[in-house]
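Alright, structures below, take your time with them.
Each of the next two complexes has subunit A plus one other chain: subunit B in the first, subunit C in the second.
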Partner chain A sequence: MKIILEKRAQQSKIMAYASPVLAIGLTVILGGIIFALAGYDPQTALYYYFVEPLTNFWSIEEVIVKATPLILIGAGLAICFSANIWNIGAEGQLTMGALVGSFIPVMFTDWQSPLVLLLMLVMGAMGGAAWAGLVAFLKNKFNVNEILTSLMLVYVAQYILDWFVRGPWRDPNGYNFPKSVSFEGWQLLPTYGDGRMHIGALIALIVVVLLTIMMTRSLKGFEIRAIGNSRRAGAFAGFSYKGMTWFCFLLSGALAGLAGIMEVAGPAGQLLPSISPGYGFTAIIVAFLGRLNPMGVLLAGILLAISYLGGDGAQMELGVSVKTAQVFQGMLLFLILTFDTLIRYKVKIIRSQTAEGELT
Partner chain B sequence: MSLLRKTIAVAAAISMSTMAMAAEKLKIGFVYVGDTGDGGWTFQHDAGRKALEAKFGDKVETIFVESVAEGPDSERVITRMARNGVGLIFTTSFGYMDPTIKVAAKFPDVKFEHATGYKQSDNVSVYSARFYEGRYIIGQIAAKESKTGIAGYVASVPIPEVVRGINAFLLGAQSVNPDFQVKVIWVNSWYDPGKEADAVKVFAAQGADIITQHTDSTAPMQIAEELGLKAFGQASDMAKFGPTAQLTAIVDDWAPYYIERTQAVLDGTWASTNTWDGIKQGMVHMTEFKNMAADTAAMAVATKEAIRSGELLPFAGPIYNQAGELVVKEGESLDDGALAGMDWYVKGVEGN
Partner chain C sequence: MTGFEAAVLTIITASTPLLMAAIGELVVERSGVLNLGVEGMMVMGAVCGFLASYYTGSLILGILASMMAGVLMSLLFGLLTQTFVTNQMATGLALTILCLGLSGLIGEPLTGEPGLKLSAISIPYLTDIPYVGKILFGQDILVYVSIALVFAVQYMLFKSRMGLIIRAVGDSHSSAHALGYSVIKVRYYCIMFGGACAGLAGGYLSLVYTPQWIEDMTAGRGWIALALVVFATWMPRRILLGAYLFGTVWIMGLYVQGAGIAIPSQVLSALPYVVTIVALVIISRNATLTKLNTPTCLGQSFVPDR
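What follows is the complex of A and B.
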């Protein structure tokens, strides 16, 4: 007996949109069962996970703070993945963005000008783009698998950051602890509300709108989808795969780098040995949950951010282990990918070799 | 519809119960860098938390959040605690320093206690333990018990606390055997069982027969037990994980401090302080000296008593740095300021 996946001739349009909803629904149900088995009231636990973070302004602001990097990176990755180009190393590009973007505030601490912040953001984006560009170069020049190089470069980037923060960029008055000087007012992003929500949220929103327009209204969007569907068909239409590789990596790298410097110039306020709790990797979930569509990414980023805050809340109020939040995220991605597969393929059971022979 | 109604009912019940509790009980929050089952650093802080519950019973309620990333995430967690009526917050890792200071400025009525940092304010106290006193003792034991004359040191991140520990260990070892060698591997994390275990295997291949660690997991102890090496427990008694390997463990006992500070809040006498306690005050203590020769154990006990009485200072001169320059003169000893910012190695440490 053999189980095979057979491609469906026609894919359901409705199911394509229903799949993330179904995945979320099933995650919630399975989550409830896990809570019940662990001895918590599932309703209270789910309330803390998904509802409580939206019940006051402070936590809504925190959701936005948390969602900003996820959306920014996820939107870039969505474009990459649409073109069937696999940038798995956004975490490294984020790290490089944070490092390069911090050059001015660390090296020219006294230069006070409105230009500083702008330059920081531009340099952050360039740092991320350059790091991703390395992957594109290796892929185009030597045909090196981009999944491997982009992932490996994450660790390289983290070690480089680590060296800077412990070495030349260490705060001279910091008792030798690994952190840079604290950034000053003009080196920090303007904030709103309680003082943590920053202008990056607005930038992320603008990026989402621009990318949506690009994907739906421009030739570039068509090119991305064409190459994503079939590299050969794209080539016949005159679209360059190598050009697309450059485009996707530079774009997603720049956005990840921007997210990195905005974490540093926003909530962190200084360069630290580790500046992200894995946003670059979580953004992969966000991109898929958002159907590789920038608008979808916006919603998915917010949902994931809520689950982080919900994790805090459930721990504090109920004593649920921190691992549960991670189980939720894992389950969500797993279910989405399962549903996606089932939309595109149907499961077929072949009884035995001879039976197969008789059938044909 | 009924689900929505239920949700609202649950919400109302929860908010009412929190209000009711806030009126009577002191809520105490703990922010942990690892998970409570790490068998080391966080485990000991959590033991302190449990001691509070046992001591004060109904007068307090404790909550905690584990595995909180140092940096921006911790600021959110600390803020949430302060907003939700927590009156006393212990932030138990160095990386929570700036977030603690930032949140404390916004909540002047909440008391904060930050472990191992150096920034204090009106409502932020700092506290740490003189672990290096224990490290001097285990250095002596290592030098006396080692047959190869080489120890392996699994180090976390090069902050002064860790550098100080390495120096104290080597000074202790050199007081017994001036040629004793220490090999150091940095795993660049406080908790990474895989890397910690690998480091021990590397040490074994390099001829080290004694392992010590300044990381939070029990992996080095377990691997030492497997390979038939001797090792020292860190932060917590790890004898369970290395019944024949553990020579002794340097245990952080936070319970007395946590009880004292909680009492102060209950009495209304809490004030911002800077505490750095050691063997004398009981914040650092050593588990039974075993799996070693009787005269080694006797020496360890004597050294412990000498440190307790203040007769022996681990960082008393003469001390030379790696370059061989005299840093601390004979008859002098490093003061707390110099110890707090220590960024140089004593003579004999390999690497930088």
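What follows is the complex of A and C.
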């Protein structure tokens, strides 16, 4: 038996939409099997994972809080990946955004003004962009592979943050705990509802709309797709690959940095040694699940936020390890990549070559 | 044992996992496949090696289990990238994300439990030679295996027919296909070899380096191994040099701290990653050097025409 791929004359439109749905469906089925093998009732476990987070107001708010950074970062990465540029260090850019954005509230604790919040967000975005810009610089100037440098800089950023929080920026009245002073007033994002949902959700939504317009209605969007499909063709059209590298890294870095400072000025309320449960990496899954399309990223971000929350819920209610959520996320990315093949190819299964008499 | 000997011994133990993972990935990349899942295969090797030795009490089974885990994970990567022609970079990332979660899940109950440790060999008279005895004749067996592996791969790639086929597949898959070689099959075997090496490297961490299971204990070593392949410009013997260089940097941090020099511990912890970037810059800025040795079809999928 042999599996053979046959190229489709045209990309399948139906599969482009069906692929994420199939991947999600299969992840849920496989998840159920894993739960059953681990000795849990699959129906109950899956309920806690994917339905429970949507059953009450508090948890819907929490889904939005968790979806915000995933959408922001995922949208930026979707642009990068569309251009075939591989920024996988968003986690580090998020960390630097959180660190740089916290400069004002930590150094000028008493300064209260709307300007403070604005400056924090701008500096956060700039911090993330600078950290990502370093990768673009090394790639353009020295031809260094961006995958490796962006990832190495994640570790470096985390150690820098760790040093600040345990060293010069530690709260002097914090009983030696590694955390900064608690932010107050204009140093925090305005919140809604029961108090955790913040204005970041709105910002993420605006970013998604702007990026959608850019990708579908502007020359830049065409340039991104052209370079992504073929760097050579892009060059013939007069598009600069180096310019695109700068653009993609600065944009995705700024969005990751923004997500970082909004985590600090939002749910965390202060700078901590660890501010993200791997949002920067999960956003890679979000970007692919969202078909590298900002609108798709919006939906994918919400889905993965549900899986984060469901993972927490299932642990509290059933004692299922929180790691299960990460396994689901990895599985989902695998399956979506597999189903994506069906957009471009037809899969044929040939029983055996000897039966057809081709081989003797 | 002198301080010098102790330092060299720790450097060797820190370098060996990098060496193993990198030499495996080198063969994979020589066949034209970029597997970014090294970190994931390594971490699965670490957890499976630990669990197998913990439950069976056998180190040999532990080592075999770590290699098997690496091979199984690499087969998953192979199935997707070779049979279903998915994007290699995305698939490698997916593999790493999946494995980091999976290893955390299956290792969770035994996190931090002390495990078995593979002991060093001892040869009568030779191991007792002052200064060099312990370094040359008193390592654990896997250190010798890893060094032998480098020369075996060097010979295989450049002096054997098999190596010629692998390099042909990596440099021009359509020509290799036209000559009648099965590109996909060759790549599958290379991917599995890379998986076994990465798994073994992980096993080395949980059975020798720190004989226990700690979540994410690979700490980016898989990524450094990937960087080492670039650093070595796809030449096996340069991997040996690079791995020991990086192992030295990794250990240097500990010694500087031990010597009481007032540098924040975070600077020392970040050092291996910074050095990796610097090393990549030094190698990559020489475009001819890189272009000369990079397998031409690296990262490109192959679908045979019918």
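The criterion applied here is as follows: the second predicted complex is superposed on the first by the 330 of 360 C-alpha atoms of A that agree within 3 Å, B and C clash if a C-alpha of one lies under 4 Å from a C-alpha of the other, contacts with A are read in each partner's own complex, and residues count from 1 in each chain.
The rule is simple: contacts are C-beta pairs under 8 Å (C-beta built on N, C-alpha and C of every residue); 3 or more make two chains touch, one makes a residue touch a chain.
Given the structure is predicted, the values throughout are model-derived calculations rather than measurements.
Enquirer: Which partner does A:269 reach: the first (subunit B), the second (subunit C), both, or neither?
Expert: Touch status of A:269: first partner only.
Enquirer: Let me test your reading of the model: by the given contact rule, A:321 touches which partner, first (subunit B), second (subunit C), both or neither?
Expert: A:321 sits against subunit B and subunit C alike.
Enquirer: Pick one for A:172: touches subunit B only (first), subunit C only (second), both, or neither.
Expert: It touches nothing on subunit B or subunit C.
Enquirer: May I ask you to decide whether A:185 touches subunit B, subunit C, both, or neither, giving the answer as first, second, both or neither?
Expert: neither
Enquirer: Between subunit B and subunit C, whom does A:114 touch in the aligned arrangement: first, second, both, or neither?
Expert: neither
Enquirer: Identify the partner contact of A:162: answer first if only subunit B is touched, second if only subunit C is, both if each is, neither if none is.
Expert: Touch partners of A:162: subunit B and subunit C.
Enquirer: For subunit A, give the residues common to its interface with subunit B and its interface with subunit C.
Expert: 162, 166, 321, 323
Enquirer: Given the complex with subunit C, which residues does subunit A contribute to the contact?
Expert: 3-7, 81, 86, 88, 138, 141-145, 147-149, 151-153, 155-156, 159-160, 162-163, 166-167, 281, 284-285, 288, 321, 323-331, 333-334, 337-338, 340-341, 345
Enquirer: Subunit B touches which residues of subunit A in the complex?
Expert: Listed in rising order, the residues of subunit A that touch subunit B are 43-44, 47, 51-52, 55, 58-59, 62, 65-66, 162, 166, 175-179, 182, 195-196, 263, 266-270, 272-275, 277, 309, 312-313, 315-317, 319, 321-323.
Enquirer: What residues on subunit C touch subunit A, complex-wise?
Expert: Within the complex, subunit C contacts subunit A at residues 36, 76, 80, 83-87, 89-91, 93-95, 97-102, 104-105, 108, 220, 223, 226-227, 230, 264, 266-267, 269-270, 273-274, 276-277, 280-281, 284-285, 287, 290, 303, 306.
Enquirer: Report the residues of subunit B in contact with subunit A in the complex, numbered from low to high.
Expert: 6-7, 10-11, 14, 29, 35, 63-67, 69-73, 75-77, 79-81, 83-84, 94-95, 98, 106, 118, 157-160, 163, 188, 340-343
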